[in-house]
Amino acid sequence: MKKERMAPFLKDGRGMLLAYDQGLEHGPSTDFDERNVDPAFVMGVASKCGFNGVVFQKGVAERFYDGSVPLIIKLNGKTALPKGEPISRQVCSVEHAASLGAKGVGYTIYLGSSMEAEMLAEFGRIQEEAHDRDLAAIAWVYPRGSAVQNDSSKEIVAYAARLALELGADAAKIKYTGDSESFSWAVKAAAGVKVFMSGGPKAATDEGFLDQVRGVIRAGGTGVAVGRNIWQNDDPAAMSERLKRVVFGT
Amino acid sequence: MKKERMAPFLKDGRGMLLAYDQGLEHGPSTDFDERNVDPAFVMGVASKCGFNGVVFQKGVAERFYDGSVPLIIKLNGKTALPKGEPISRQVCSVEHAASLGAKGVGYTIYLGSSMEAEMLAEFGRIQEEAHDRDLAAIAWVYPRGSAVQNDSSKEIVAYAARLALELGADAAKIKYTGDSESFSWAVKAAAGVKVFMSGGPKAATDEGFLDQVRGVIRAGGTGVAVGRNIWQNDDPAAMSERLKRVVFGT
Amino acid sequence: MKKERMAPFLKDGRGMLLAYDQGLEHGPSTDFDERNVDPAFVMGVASKCGFNGVVFQKGVAERFYDGSVPLIIKLNGKTALPKGEPISRQVCSVEHAASLGAKGVGYTIYLGSSMEAEMLAEFGRIQEEAHDRDLAAIAWVYPRGSAVQNDSSKEIVAYAARLALELGADAAKIKYTGDSESFSWAVKAAAGVKVFMSGGPKAATDEGFLDQVRGVIRAGGTGVAVGRNIWQNDDPAAMSERLKRVVFGT
Amino acid sequence: MKKERMAPFLKDGRGMLLAYDQGLEHGPSTDFDERNVDPAFVMGVASKCGFNGVVFQKGVAERFYDGSVPLIIKLNGKTALPKGEPISRQVCSVEHAASLGAKGVGYTIYLGSSMEAEMLAEFGRIQEEAHDRDLAAIAWVYPRGSAVQNDSSKEIVAYAARLALELGADAAKIKYTGDSESFSWAVKAAAGVKVFMSGGPKAATDEGFLDQVRGVIRAGGTGVAVGRNIWQNDDPAAMSERLKRVVFGT
Amino acid sequence: MKKERMAPFLKDGRGMLLAYDQGLEHGPSTDFDERNVDPAFVMGVASKCGFNGVVFQKGVAERFYDGSVPLIIKLNGKTALPKGEPISRQVCSVEHAASLGAKGVGYTIYLGSSMEAEMLAEFGRIQEEAHDRDLAAIAWVYPRGSAVQNDSSKEIVAYAARLALELGADAAKIKYTGDSESFSWAVKAAAGVKVFMSGGPKAATDEGFLDQVRGVIRAGGTGVAVGRNIWQNDDPAAMSERLKRVVFGT
């Protein structure tokens, strides 16, 4: 039986993670306002609203991580600016992530990119190094690039989940397919890898977002890695509470 | 005399290997159904149906390998999505494969790809490292790319087999040429390297597939590395039994 | 709380740095005259006019740095000649910079370049190595390349500042947005990373330049990294004195 | 005086080497028949017919080298399939070649290829490593690529020979220019590097081939590295005997 | 004060170096005749005619360097054949150069090439490694590539000289601008880096060449690195004597 390295991020086998790497991936002007541009605010939300983990780039963790919630360091990243086939490379070592107190590391693979091979190889090395240090290796698997028509079809989302399994990830962060039944195929393809839905942009309504999470849980998913739907919300605490009830079924 | 590192995978000089890396190479929706999407099912088939080896990516082995059958870890892999010249890079170290209990490692070389040089060089390093650890180094040699017209002609299949010999592989996994006589040229070109036919997509009829294997054995081949023709079969046990009779001539 | 590695370059939390890497970046004929082509002249200005730090490439530091002012070694650099997407790679090791007495290292990232990934990865390694040696890691973040329309908009300057934060820089050197209010958004995005305005080409009038610096300070910026507006000035000492009054508010 | 690392391959300062890497470079179907596809046959020819050295890729050496003739391991190789500028990369380490009993290593440089820089750099490293282990470093220098009009002109063959000298090779394997006088310019350009003619495809007549070798010897060349003109010959022993008389002038 | 690592190559602060890497850079048929194709001839010229240093690739040094004149090993090199943006990569290690008795190492940077970044980075590493071993690091800086219109304008020659300074070279080998006054700007830009004129092709008249050297010396240059104008001369000894009088003003 594979060791459950996701244990620090789970409660009764479920989990909700607060993601906050959008400052790098999208830029502050796209996603942030005066309140949530401040990492301290988001650290506070993670801490007070019952999240099971928080996701930072190393720079944010070095300044704002307070130890109150298990930490995942994103090891790679890119900005939204360059055109062409997406490539995101390692900007933080596993050793450094561990020194910051991380219990897990995250890495984005752009499934279908013509630069895919570089990311598969880099994640392959990271997975081994992370496990040597007893850290969870979490794969953000996002279908993207000119070869990808639809990044949330049943088929491609299941492919993303399976990729995480094949490469030895402990968890996969993938998009929602739109309905629980099709998403359950991704969960099956993951074959034991913990499946977290990627929260994505703020949904039109809170209820709409929670419905997606319900679909994930019904499909056998582990939970959600959410950012904008929490820290862009007028009342992150209330929204977190509602989310918690969906994820943990309490 | 070169050490026979394929011994763990052979019985009386022949062998049949169960391959299950299609989740990465083709995606789960292309090849899998509700039954065989589960690696435990395939591990069971390998174990109960007399296979001499099973081929997994590291992530599947970490979660599902049970030690009942000798293990081959595929060290590289790619998805089916990117267009252009094929390149597949190392995603698992030889050291890690050994730590999982593997007795052999597999690596795909896309013969004829404009990225060929990278794969030849990487396999060259892997071969030495594998032998240092007493693991068999098995070359999957697939002609592919814009320079390749016909990937199963007598000439190119023999080239694939010879490539495996020249680079020091212990075994080659190559396509069938369509008839035993032409395939025997590939076996001669391999000059002692164990030659396994690549099973390929599920054949129109079971008998058609077995005829191919008969041709391989008649040509002096060692056996077959088969996946879909077993675990997509309604009765993998019966099909494995029929295959065994062909391979081992019992 | 993150260690303040910029302390050697600050007085009461503010600082003014004298930059002199234009010989590499622009060429001597673009920016220099008979006086300031001589690094000894610029070292003298840094020393006598109250600068908190001086920025050199290693070659200049090896010959002209006199220890009178804290030293920042630029670790990468390019010339102005090659066309196409900008890439600047490491030409000096962190270890060598430390051996020259540097208290900080600088690295330029061309935000938006199609070669961005290489620079992010390289800065990521440098940041860790610099901190291991207790040196400040300072990111010059310049939006550039075919994907960049406007390199001084509020949005992109804030993105530059945020990039420095996410990657763990101690300070960011960024362009001015044109007004204090919009620049304050960059300072917020930097979330504690020290923000230095990049001086840029010699302004039409000294007062015009000082107005920019006033805007930076008003926005919460730390100060300015200035070159041409000082050492191209007819009276560097007088101009430095005026600048000092703006930066330190004395 | 430079150490003569070619000594194991020379008799009275001359030598004839049997080359057998065509299985990788051209494919078995281009150059081999039922007899010479078998490396044991070629090893036998090398052994019984008085060759001063035999050239194998590592895989062939591992299985068929019998120690009866000094061994050269080709360290790089490519297949004939990919189009575009030629690149051949290292597939065997110097250390591994030494462990197989090699007294020399070979490496192909495609002079004029747009990928030339990679091969020059790789050979540069190999030369030093080989000499550290007291192995001869032999450069196969073949003009090829879109910049090359004529690969056997006096000028370009001399360039190939000179390249081997400049990079510190112990011997060069180069094409014949067509006549002894022009070839002597290449020998002069090599300035002491042992010059071996590359045998090339089987000549129209045996005598025609031997005439080329006579020209090489008359020009001051060291000998020939021959493959197809021997092991494609109906009577390799007789042909080798004739060749020996030409090379050694006995 | 920076250590003067060029001391072995200087007399009263001036020097003349004999360069002989044209066999690699241009090919033997472009620059050599029956006499000077022989490195022993050129070694003799260096030795008997009072040169302060001789420049060889490692292969030539290994066979012909006799220790009578201080040695500079060129660490990179390319042939004249490939089209496109120029790139020259390291083919000899600093360690190996030192083992051959070199007191300095040379490296060519093609200023303005789109591959410039690779050469800047490689020279950056070499400079540090050379200094660690107390060898002079000499930059051959040649403007070249599609971005370069005129490789001997005052502006670009000064840029080349400055590049050598910024990267920490001990000496720069650059083209002549055509007149002493404009060349003096390059000498100023070099700010203490020893400036050697690159001899270039054999001048129309000896006096014409010596006039260029006079211009260099008058401009404050250190001397000349000359090849063809000496060893293509009918009387190298006489020409060297005339050159010596110009360089050393005796």
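The first chain written gets the first letter, and so on, giving A, B, C, D and E; residue counts start at 1 in each chain.
As a convention for this text, contacts are C-beta pairs under 8 Å (C-beta built on N, C-alpha and C of every residue); 3 or more make two chains touch, one makes a residue touch a chain.
What you are looking at is a predicted structure, and each value in this text was computed from that prediction instead of being measured.
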Touching chain D and also chain E, the following chains:
none
How big is the rotation relating chain A to chain E when the fit is done on Cα atoms? Please round to the nearest 5 degrees.
145
Using mean CA coordinates as chain centres, what's the chain B-chain E distance in Å?
55
For chain C paired with chain E, centre-to-centre distance based on mean C-alpha positions, whole Å:
34
Can you tell me which residues of chain A touch two or more of the remaining chains?
none
Testing understanding: with touching defined as stated, what is the shape of the graph linking the protein chains, line, ring, star, complete or other?
ring
Round-the-ring chain order [start: chain B; next: chain D]
B, D, E, C, A
Tell me, which parts of chain E touch chain C in their complex?
1-2, 111-114, 116-118, 120-121, 123-125, 127-128, 143, 145-148, 154-156, 158-159, 161-169, 185, 188-189, 191-193
Which of the residues in chain D come into contact with chain B in the complex?
21, 23-24, 27-29, 32, 34, 37-40, 57-60, 62-64, 77-79, 81-84, 87-93, 96
